[in-house]
Amino acid sequence: MTEKTENERFERGHALLNKIHGTTGQDVLKGISETSPDLSKFITEYAFGDIYSRDALALRDRQIATIASLITLGDASSELKVHIKAGLNVGLTKEEIIEIILQMSLYAGFPRAIHAIKAAKEVFEEQED
Amino acid sequence: MTEKTENERFERGHALLNKIHGTTGQDVLKGISETSPDLSKFITEYAFGDIYSRDALALRDRQIATIASLITLGDASSELKVHIKAGLNVGLTKEEIIEIILQMSLYAGFPRAIHAIKAAKEVFEEQED
Amino acid sequence: MTEKTENERFERGHALLNKIHGTTGQDVLKGISETSPDLSKFITEYAFGDIYSRDALALRDRQIATIASLITLGDASSELKVHIKAGLNVGLTKEEIIEIILQMSLYAGFPRAIHAIKAAKEVFEEQED
Amino acid sequence: MTEKTENERFERGHALLNKIHGTTGQDVLKGISETSPDLSKFITEYAFGDIYSRDALALRDRQIATIASLITLGDASSELKVHIKAGLNVGLTKEEIIEIILQMSLYAGFPRAIHAIKAAKEVFEEQED
Amino acid sequence: MTEKTENERFERGHALLNKIHGTTGQDVLKGISETSPDLSKFITEYAFGDIYSRDALALRDRQIATIASLITLGDASSELKVHIKAGLNVGLTKEEIIEIILQMSLYAGFPRAIHAIKAAKEVFEEQED
Amino acid sequence: MTEKTENERFERGHALLNKIHGTTGQDVLKGISETSPDLSKFITEYAFGDIYSRDALALRDRQIATIASLITLGDASSELKVHIKAGLNVGLTKEEIIEIILQMSLYAGFPRAIHAIKAAKEVFEEQED
């Protein structure tokens, strides 16, 4: 059992969150922090400091898994947009993201694929501005 | 609009299904065919002939997305085992598959991550025999 | 507001449950009653006495909706089997039930369609004995 | 294995989509096509050309199953509205659609029944204009 | 089997609904009643007259269970807001509600916890006005 | 930002897990650890060391929320049994647990309430031995 301090986990998570999500991530956490600073802290420490920072899977591969999961969950379109944007940040192409959505028509059904295409469209259009 | 025949889609899907799933895929389809040969045919033609066969996303990446989706769906443990096995077939390591499961604790929660670890354990043990 | 007594609702529900589910329905309720007689009572009164007994939709149409819903929920395979059997009781053919499952591949995805085919297979085989 | 060309599946699907959904269906597909013409093509070919066009279940019965599935999925209110409208197009009455929603309170719970009633209300009001 | 009349169940449910939800509950039911007075009646009679009115679990405990369930369902943010407000009405503190949301990050995942924090924020801000 | 070490989080989580779950908890984690010691570690540190150990919600209230969430998720019957047992450990009565299940019929539907009653029955019977 290593003796890493809380602070190390937070700092590592904070840096990785910025790398993956850019200013979007900080905006999401700021909105959460007004009501629950602890939820914001746990996302930084556990999701990013503990999980995303592990070397055993590339960030690009992690975003494939996350986008697939959010499409399957179905109701998380604001989260999905945040992670489609992050996918582009860590090396997925627009074509690959569309392809993940097509693949999800098989496992999550067409309604969730259609919603995901709308989310992708909005992200792609914002990127062009 | 290309004029590909049904037969081409079926043949392409059948070959790809064998490449990804080996004999396991044929066993699953055989079980389905006893009750609904058409469902088996549509899986071969649409899922494999149309979707999996597209070049825009690598088979390894497709399995990451599928494993993440099946963990998130939650109740599909026999399907999940089939696709963990397929993941190993198309180049994912055991470590990467465990990592996808850990990542899913963030989006689908711990109960579904725990179920997925049990499914992975069963697949890994079968592989060792 | 009509002044129907509780007893009327229970009697009407009990009779309809027997008509739709035969002895299977009473077996399910008996199993529930050992732990919660009230859950069994509420299913009889509310689900069957209040909802299923309404004239505005035929029993056959209600079973189409219920089978589609249970496939989509995904993890309720024992319930699904009970309602596939009920579907046959109220006039759906095996072919129509398989067709509902194929239709669900579009909205709930292939893994849930595959699970439903397995459930249907088990019911159809029991019927043949 | 019949040798139907892709084109036949697309043409049959396109015609059926127009019959069931009218101009609404084309509007939905046009929105999708801007980002993924292939998703639009697969919906036309597979969902409508392959599945909806099968004779073994009436279009009215298919819409009962689809409406029940979309209520159960829960987050697909724009899709649900499209299919409530389609239900009216293929012969379901408003009373029958409300009845399907009441039936879903049993299997998908009250929150999803309440959301579905709001979706139905919006469709019914648009029809009156 | 007691011989309680329908009217007693409705009156008991109506009174309890007002106690738990105040005018918000009546507003929700009024919106539903325009399209389906029966759904409104069944919610009053079954949900409130039969279930919520049982003494075996305190109203505060029932709201904990309901808030947890609605966060897990995921897409019911308007229902969730109604029940967060009701939680405050029956004795839960803001801190306890935030704590239920943090707890749900474990079982329903972070996206649904984040959505729930947004819903809580909106309710808390309305209360301050 | 406090400077709590990893080790403190693990120790606190380990102690609380034993208090809530007894030997059952250690058995579950041991099963997980064979395939992924890290998942077991994260459950101990994050779920129990970070979340369950917070004072702002009583352990009894946390179990109400967890049981409600697991019923709503639907497919986690082994997890549900573990947490029904834990609910009894931290002060919920059998009657209260049954009541939570009845309450869930409103939000998650009858099939998931029926599955939960079966899980409760199994736990109650094990306790009597």
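Every chain is named by a letter (A, B, C, D, E and F) in the order it is written, and numbering of its residues begins at 1.
The rule is simple: a contact is a pair of C-beta atoms (placed from the backbone, for glycine too) under 8 Å apart; a residue touches a chain by one contact, two chains touch by 3 or more.
For clarity, every value in this text was computed on a predicted model and none was experimentally measured.
Any chain that touches chain C and also touches chain F is listed here: A, B, D, E.
Across A-D and E-F, the chain pair carrying more C-beta contacts is E-F.
Chain geometry summary: the mean Cα position of chain B and that of chain C are 31 Å apart. Chain D has its Cα centroid 27 Å from the Cα centroid of chain B.
Mean C-alpha positions place chain A and chain B at a centre distance of 23 Å. Touching two or more other chains at once are residues 42, 46-47, 51, 70, 73-75, 98, 102, 105-111 of chain F.
On the side of chain D, the complex with chain E involves touching residues 74-75, 98, 101-102, 105, 109-115, 117-118, 120-121, 124.
Of all residues in chain D, those touching chain C in their complex are 46-47, 51-52, 54, 56-57, 61-62, 64-73, 95-96, 98-100, 102-108. Residues 105-111 of chain F are the ones touching chain D in the complex. The residues of chain D lying in touch with chain A in their complex are 28, 31-32, 34-36, 38-39, 42-43, 47, 70, 73-76, 78-79.
Those residues of chain E lying in contact with chain C across their complex are 1-7, 9-10, 42, 46, 50-51.
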